[in-house]
């Protein structure tokens, strides 16, 4: 279940399937759910994750060494969707692993195990549009990305093709750290909301309770991903979940 | 002129990039589509390649070697005589003209062998642009001499330490940079790959090779050649050489990929032959990639760093599918043999990349008749690759020299305290 | 065409060789005198340089650098784009044609920087001749990469261990070989020096440079250049560039010698400036030599191995004496600065030899007006000189790379057992 | 005094001035004279001795380090000419050291200290001819070289310009060791004798008593130089002189 427009801020977080390993994924996801995370991206690791920053790039490479794959992701999804019905699971992947699996079969399988959304950063709207009838039939929501340099007509087109929510890339570029949540950002959100009633999920540069507080009231979802993976890598999944819980507790929503 | 169908060549091509890169690709495409139809732009480009890079490059007859092999008359298209030592400069100079029109002040590039990075650093110096070159950590070590020159030329060479630390990772990293800098920066893609409009655009600039071959053949052979052979990394020198002959079915077009040590997984970079590359979508475009069942891009190997790439031009993937281009491959061992043969019989030092074209071409020529003509595109020269060639032909004297030179260098550094 | 007066240019030149070499020199002179007056021979030579070496080489405008220096418009004559990377190939290809007519099957050459040896090895491979290259032991170590290539090309490189173990000793040794082999062997002298007819003959072949400059200047500048600048080792690239302008007194001709570390004895290779070289007779001819009071030839130094020579062309000695050629010099430090400047502002990597011409030319251009044109002959490219350049710009990263590469090379050698 | 045509074989030998050092030169020359050598070349060491083989090249370089020079040669000549009137001293030099000294002055000085002949291997006949009046006036004999590939007309010209004797280069090339004294060699000598009544001095490749015996009866002078310098280098001047004496004793003339 995706949030409704203008609902209070929810936190979306992340699992890279196979990082640190497949067993730990399950435990980590349970920890995330317990800590109050409502939406979880299950990322199929990929050899060439061009839209990710270095934290996720390295997690992908590690994950591949520990059995991460499309099939492992579907198997994990099947388990965690069943076990955590209160959470919304989104399949995040680059196009090639899905393409290689077979797109039609993949989407059917994903929907059948309980996946509700899809984030595919290298799949542009033009290529997605022909698939919309399939997605609507399967109840799978394609979550497309808008970036600060996306022209208005294209925002409109993306908004039309999106389901569930729109992924708002907060800034130019996948690396770098500090993001500003000021007036420019607000007018960026306003620009998007002209074309959609869908909730907005903001990603890139969300790295602290301060960021979450800044976003509360502005957007419906904050994607807290790279930082969480850093915690996971440095402190282990348990501590990462505790930190997540503490941080969500600090949000003044 | 090679034209895509909305970014596609048959089923290959397209533009599969993060949303953030879309506007830059569209801007580039608009500009390019406008300019490619202006004859004055092509003339401007030709003048630049002439006055700076020495075009046209000659078509050299290999009389002694042809006689020795006993088959077709072999000719070399001498891209090795370009400024910077390879065909890569053609594309880069062309993109340089576009950068100037866009008013951008910075360029980035990925590089594997270093040849494209070097060409980009050269263009950036000539035009007064900042340049950042992404290069896999592994490749930096294998191709250090190119890194040395890029830095001397004032470019910033960034070591990429993710993934396999080679070309494809450098390409990924360049795309990441571009995502953050796209408003001020142009991404100089090095070969006929990547998202539209790059394949079409690079093919356009490299087409100067084939246009010259055509003219020169008519002049020097009095007819079109019977066959044209080129090595295939990304595919730019091959497409460049083939482009002017696509509508002449009597001209055989042969692309030679890196057969490496064997056709076992990870031991080669052959993507066009049956049972090697599989259709996939990555690095911004759809083509034949070496990949596993899970869609992960595979490991590659070639004795020639510039052919050591996991994907291949969507244009070549298409032309191979239609049968217009004949795919072939040459093993590391065959390549070294062809390399030595050309040096010893004709006094030309080929790049190891280009020596793949030689190996494929010599084999073919032997089976042909003396009244037939075969052109091999000599995409680059080999003297830039001394460390690689020395690795390919291990000799005690070289080892001794390196040891002494390392010592001298250390002493010199101690004396001067470095720069 | 530059013509001697019975082997002399003013008081310089002549033929001072052991009796045993006389017949070969006479044979060569007879053949050359006959051929140089046949227009078809010049055409044959031009065709060879075109189809094999990519002539004509372009005349490249340096727009950015000229603006930055604020003086004359600077142009580079791009001999660096020749096959083998320097102007030396012109002469060698021309002599190759003579070798074929004489029916000799073996060539020998002296080499300092290795550039002429490399060019000779290339020509020998192309024509199917045996080649022996004499090179000072010291130079072999300084210029090992050229040795590496000469050997790969199939040439026999002989280390000369007598005297100062550099160029002049290699020349002496080549003469000794020739004395024993003169009936079957041609001596490919590398510059406009040595006994008649070499200076005249090498000037003839290298004159292609100046002929092209003249045509290109008329086309690209609409007039003759105001000045032409070239570095001077033996003098072949300078004479080549100047030859077509000797009768145009409005064109300044400037030869830049290697100023080295200082003008102290043994620290430079300046022979044309007052107080440096003195008239002498050695190595087969009469010219200005660096020498002591006893007539012993002196020690020389230059950062550029190809300028590190004790004598100088008798033609240049004469033209300097008459005032037609203006002698200048550039110090090692000035040369490195000019080297970096050209790379960073125009993306061209010059040979250290050629960078002497740059240093002299830039200085001159600054004092000139923007509507004047100055041509610098870029006699060769620098990427062949990576070890030298790295020595000139010491960097820790290079040292580290060499150490690792030496280790890798050793391991590789152990694995393969060498060739 | 040079020998007359068809006189019995005389041995010419060699000193490189400054090798092994200037003092030793005097002693060595005395040894040579005592051993029966009649003609002695005093070689001015030169930095670039192109017409010499490696033995003499290396001797030249050593000599230069030990004070060998034109002036040292003249000084030595002054002493040894006076001391050994029974021997004939020949100045051997490359052109440049003499040229630098001043040719006219040099020739005058050489003649005045007792030098009787000149061997200048890089001074061709064309350049020598204008000097013949000077030489004749000074009583200096220019000894020119003929080589196996010298054409007949040129032999004639060289013969005309030569005085004292003609230097017959026995073979092509300055290096290499074994020389044949067979029929070809005889017809080579005959070729030269057509044009001259001067005695012939054969040089290059004379390295043993066998060589001397082969030449006896064919030519008037044998130049035994490199091998002697090798002895000098390896065994010292005294032993070298003893070996010379022993060898000359073996000659069956």
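Chains: A, B, C and D, in written order; residue numbering restarts at 1 for each.
To be clear about the criterion, a contact is a pair of C-beta atoms (placed from the backbone, for glycine too) under 8 Å apart; a residue touches a chain by one contact, two chains touch by 3 or more.
Because the structure is a prediction, the values reported are computed rather than measured.
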Field: Centroid-based (C-alpha) most distant chain relative to chain A
entry: D
Query: Whole-Å distance, chain A centre to chain B centre, using C-alpha means?
result: 37
- line: Cα centroid separation, chain A vs chain C, in Å, comes to 65
- line: Between the Cα centroids of chain B and chain C the separation in whole angstrom comes to 32
- prompt: Among the residues of chain C, which are close enough to touch at least two other chains?
  reply: none
Task: Answer with line, ring, star, complete or other to describe the graph linking chains that touch.
output: line
Statement: Here the pairs of chains that touch are A-B, B-C, C-D
Message: So in the complex, the part of chain B that touches chain C is made up of which residues?
response: 50-54, 57-61, 64, 78, 81-83, 85, 121-128, 141, 144-145, 148-149, 152-154, 220, 340, 343-349, 383-384, 386-387, 389-391, 393-396, 398-399, 401-406, 408-410, 412-413, 415-416, 418-419
Sites on chain A touched by chain B in the complex: 46-51, 53-54, 57-58, 61, 64, 69-71, 94-101, 121-124, 127, 144-147, 149-151, 154, 158, 169, 172-176
- prompt: Residues of chain B touching chain A in their complex?
  reply: 14-20, 22-23, 162-163, 168-169, 172, 175-177, 179-183, 278, 280-284, 289, 291, 293-297
